[in-house]
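Scrolling down, you'll hit the structures one after another.
Two complexes are shown next, each including chain A; its partner changes from chain B in the first to chain C in the second.
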Partner chain A sequence: MTDVPSPSGPTTGAVDVAPGLQRWRSHPVLLNVLVAAALFGSAILVWVVPRSIIAFMAFQASLLVIYLLPLDVRTKLAWAAVALGVLMPMLGTHNGYYMEVAIQVGIFVALALGLNIVVGLAGLLDLGYVAFYAVGAYLWAIFGSPQAAKFLPIEGVFPLPAPWFFAFLILGLAVGAITGILLGLPVLRLRGDYLAIVTLGFGEVVRVLANNLDKPWNITNGPKGITPISRPPLFFEPALSALGIDAPPSVLYPLLFYFMVLGIAAVVIVINRRLEGSHVGRAWEAIREDEVAAQAMGVPLVRMKLLAFAIGASFAGVMGVIFSAKQLFISPESFTFLESIGVLAMVILGGMGSIPGAIIGASAVTILNLQVLKGLSLWLNELRNSGLTVLGYNLADLPSQFEPAKYERMIFGMILILMMIYRPAGIFPARRRKLETYHRGEEPAA
Partner chain B sequence: MDWELLLAIFPQVVMDGLVLGFMYALIALGYTMVYGVLELINFAHSEIFMVGGFVGVEILLTMQATGWLDTFNPFVILIFIILMGMAVSGVLAVVVERVAYRPLRGAPRLIPLISAIGVSFFLQDLVRLGESLWRNAFYLTYPSFAAFNTRIEIAETIDFSVKSVIVVVASLAMLFALQFLVTRTKLGKAIRAVAEDQPTASLMGVNVNRIISLTFLIGGAMGGAAGVLFGVQYNTINPFTGFIPGIKAFTAAVLGGIGNIPGAMVGGLVLGLLEAFAASYLSLLTGGAFGAEYKDIFAFSILIVILIFRPRGLLGEVVRERT
Partner chain C sequence: MTLLEARGVVKRFGGLTAVNGVDFSLDEGRIASVIGPNGAGKTTLFNTFTGIYAPDAGDVRVGGRSIVGLTPDRITTLGVARTFQNIRLFKNMTVVENVLVGMHARVALRLWDVVGHTPAFRREEGRSVRQALDLIGLVGLSGKEDALARNLPYGDQRRLEIARALAVGPKLLLLDEPTAGMTQGEARELMAFLRRLISEFGLTILLIEHNMRVVMEISDRVTVLDHGEKIAEGPPAQVQRDARVIEAYLGRGRAGAAAP
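Let's turn to the complex of A and B:
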């Protein structure tokens, strides 16, 4: 960790986050009791009323409490392990929808962290990030389904057997990185805003290709998409039945995906942390702040930018492989510009260049999309069906167009504008960026 | 290969390319003028264009409902909806600048760009919400005019529809008017001064904020006019129509040299023609393997190639590098 040594003993990682809570630092027992109460209280609540979205949000909020309280890092990690490793799988088995939410959050955390390297650390605005995700997803979708047999003259090999999935995780990583380098090589000499538009164009090109490569050779099956895609083998099933636990695949598959996504997200977080403090991370930040000065100081611009592109793209490639296996079906519809902007909104909301920011931004936006907006839409429907009359207005006449789930663009748009105007550094700003924005007034005009 | 077919469709392809090219040129002006004064890619410009198209269709549908559509001369109606589209889009562009870009002036470059993306998304859904509440549909169709759909026969195998001629003539008129405004009037001189050097321009007594607003007004009005013409030419419009023409028009602006007004016109025409040729001839030349769907890829590839080999565009001057 690269914490600035704090005057009062061990670093906690919360030094910057909630200064108001610092005075509770000398009461660790009290804090731990508080965490336990929040965590188990909300978990029990979810268990008792599994259909209540508010209960599940309380559980999610208790995770945020762990992060914010001034405990030392090991205690925090232990609590997080209890919450994510034990409580969440239990709740997710109880209500499958929450497991789906958790898996999605994990996928987007990894994507946001990948984009955070490119946009947040290196300062290269990539508007076609979802293209790398698409490359990973199509990679497994084509070879993990009968699709490959349609253009390769080999009989009886495809779909590849399920264990190949794990090889394709590595392959997705490599192919993502290679795609990133291939795109990066010609365009990284461009100025920032040109780069943005070229990456956007690249994202569209990948989508158009996926949409049209059903002829002359049927590689992607065009707009119809590819299905069925194989899932990874349930390799732990024999062990479970040896322990006397017999669960149907409909329970085991989400668990498998959950732990896989959790594990990969954890690895991605560790890689991010290590990179941030390394000379590579500092070189990226130097490039972000001033390319000319960075070059003068001996930072190899093109190599460092390529590295950022490749690493960011490789995370997306891996997650793409998992996504296609989880969904069983993919089509070009899943990889639109909206998705790229969604991931960008996560990074910006949390704070560009900040790891906790990217994690919290990804969780917040995914939860907003999957839970809050859907919940509000359901509530609106109930209101309409109730036929109540409020102030002489029959609620059944309420137009269905008001359903908030249909307006994620509007909400992303507002988030982006308001964040840029009022808090460009994000909710949890990166430490260095926070210092910067604090002193912005004193900087000479460019 | 069928050379005769290739030759036979040639004039039609050129006409399609010109129509598309003038449309791109009109939209590209908005990008290039804003980039000239603020060095900002105004991402929301494609939505300003789309709003212009919706203003046109709304007026026409309202007139159709009241029966006025048949009482007036179609050309009078056309001029009226173009002017209304220009007015609404121009004002909208000024409001967007005031709300989403002005507070961010002087911030690092990525910040206003991201805000512009936000505006673009916001406007798309705003129009969608408004139209679906108002008409219960957001894919709208322009009422057709018999007068615009008749075809002018030039030779035995060559004929053009009246509306494509309208698009070309209207665009030419607007491009000339703009060129006159920028190069021959005092206002134009002020715009050029602000684009050149803001602090000096303000020392010379130019009200920089007013000129920036004016730039957005003019660029937005051109975009709005393009939106109406787009609707008249291609008939259907929806809240997400703006995205692809917007990106293409930006490509055209880069192609011609961003910040350069004649460059945007040339770039638009070149891109429109190239695209029309790609759309018609790609499948002929590759024996049907690659169809018209690949014209977007073609346009983006041009953008990348131009940026790599000639980043200042066809007509652009060497721009001072600013970080």
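Let's turn to the complex of A and C:
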């Protein structure tokens, strides 16, 4: 669009995410003070009033501030490490619900990034993405619980010992990828709406299988679900005791899951970025733009589409394994069509084909659902129970159909509609890479 | 040496025979044109040469090797590149990215190289980008590397399509109406550029063209299709005088009166 060199160069490594803020980049001290104030200020606020949703949202907003301010990449990463590696675990231990929110956000960030590869980059509309998540979850649920003994004639092996969990993370990755290829093979020739319908069917088939594979062999325990599922070992507990820190497992398990999810989400982000900036990512986008032209330019359609399905699905597979261990109980109800749509909504809301978009989309939707809308409906309920009178009408007289809890989905739907009308490209739309960010044989920028 | 050879190529769409038993051959380093009225089967013939359609009968050989049944991307790796009649760029990608996609098959990297950012990745990526910039300079689009393809003016889009096709590293370049929508001056410029490709890069070029001045000026040989059949072939001057060609373009009865 323009020949003007962008203000951010590879030498400084800054990301030009918010062009309006660029003029502040010559004041790094000021910026860092601002970040520190936002981060620690909100963290202290959460610590003092742990039940205030607004305080926790201020903390989340300060993470966004780190991303948006024109700091160089290393400084941003350092601040993010402080916020997510130190402050968040402390706040999460103080109020366990926030830890749960953070873990869920992490899981959905990885899922959204996986789906972003398939839908956003390769342009293959997948409405059954949650199937891969289910496959990962059931994989560990079956073998990490007594369930496997119900159909395998081996005594005393199941549930597998807790350390096996880590092997199953890798296995979940592999099985997810294989399932992705299995879905990919029959739908290679399909495009657009047809592809969407088949993937929708695939998602339902996996859920229905999970629902019905309790006979003739009891593999999934049907609609009753599987429980108890083993959790990974608290391998760091002895080290903590040696340091004189004794914490109950109820504190340590969320911490373990939090750091696992954080680590995997970070790895997923790095993999995504690297794929996007390579011939693989360009081939996916070329397929999205024009399949015929892409193939005529030497892009092997079959291989690249299967690769997109496999990589996208593998992320979901890994997160499924973690999900089942975290929940201790899973049933087919956790993997409905609505879940697939939810992840898709995150990708679209954030910005199709955009990595920051998928991250912010997953965070925003999860926080909205778990925190904001819940908080809102609780607040409305309180108003109602207090018998407040508005315009001469006593809220306590509202019929039960108007119960605030029922507004949650409606408000969520309205937000989606408004977003699509006023910002159809998403919160952080995909940006094209500038030439200078490409490697030209020199040392690449960060 | 014969680079492209087609024998008895037939392509049917339901009851319509779009290409009917066409023989064609093109020697290395030459430039040939396929002409004919609308609906004569020119683009369909092109599509059988590039694997977008598999011929219902007959054989197509590139460098002596049959390409029937190969997917378009495999045929591309054998050294056949093309442009499209209705420009088919990757509209939401930048100029340099469009050209880089053309190099896809030539990138020898494994997934691990990409995810691990190995030295091999940096080397290959650096090489690709430098080559892409060279090609962009060659077609005269320097300075527009970061522009989105869809924001380019029409003539630049045609140039970019050629740059993208050249990125494939072709021996044979198929251009489907490259001068469509160009002024006579721009068309002339493009012809000079195509001649340069042949002399400097040893390319072989096959054109579909409606601009007769261009066709007659540049082609070594002209093939005329009508209703899916080859009705004439030979040097431009000879084809120009062919009674059947004149008839195909102008209709029976006026053929004698209106030789161009």
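Definition applied: the second predicted complex is superposed on the first by the 393 of 446 C-alpha atoms of A that agree within 3 Å, B and C clash if a C-alpha of one lies under 4 Å from a C-alpha of the other, contacts with A are read in each partner's own complex, and residues count from 1 in each chain.
Methods note: a contact is a pair of C-beta atoms (placed from the backbone, for glycine too) under 8 Å apart; a residue touches a chain by one contact, two chains touch by 3 or more.
Given the structure is predicted, the values throughout are model-derived calculations rather than measurements.
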(message) Looking at A:W379, would you say it contacts chain B, chain C, both, or neither? Reply first, second, both or neither.
(response) neither
(message) Applying the document's definition of touch, where does A:A294 land relative to chain B and chain C: first, second, both, or neither?
(response) second
(request) Could you tell me if A:I271 is touching chain B, chain C, both of them or neither one (first, second, both, neither)? (result) second
(request) Applying the touch criterion given at the start, work out whether A:H279 contacts chain B, chain C, both or neither, answering first, second, both or neither. (result) second
(message) Between chain B and chain C, which one contacts more residues of chain A in the superposed model?
(response) B
(message) Let me test your reading of the model: by the given contact rule, A:F236 touches which partner, first (chain B), second (chain C), both or neither?
(response) neither
(request) Once the two structures are superposed, pull the chain A residues common to the chain B and chain C interfaces. (result) 290, 292, 440
(message) With touch defined as at the start, can you tell me which chain A residues reach chain C in the complex?
(response) 1-3, 271, 274-275, 278-280, 282-283, 285-286, 289-290, 292-302, 307, 432-435, 438-442, 444
(message) Quick check: in the complex, which residue numbers of chain C touch chain A?
(response) 50, 52, 71-74, 76-77, 81-82, 84, 88-94, 96-97, 100-107, 109, 111, 114-115, 117, 121-123, 125-130, 143-148, 151, 164-165, 167-168
(message) Per the contact definition, I'd like the list of chain A residues that touch chain B in the complex.
(response) 119, 123, 125, 127, 186-187, 189-194, 196-198, 200-202, 204-205, 208-209, 211-212, 215-216, 290-292, 337, 341, 344, 348, 399, 401, 407, 409-410, 412-417, 420-421, 424, 440, 445-446
(message) Per the contact definition, I'd like the list of chain B residues that touch chain A in the complex.
(response) 39-41, 99-100, 103-104, 106-107, 109-115, 117-126, 129, 132-133, 136, 243, 247, 250-251, 254, 289-291, 293-294, 296-297, 300-301, 303-304, 307-308, 311, 321-323
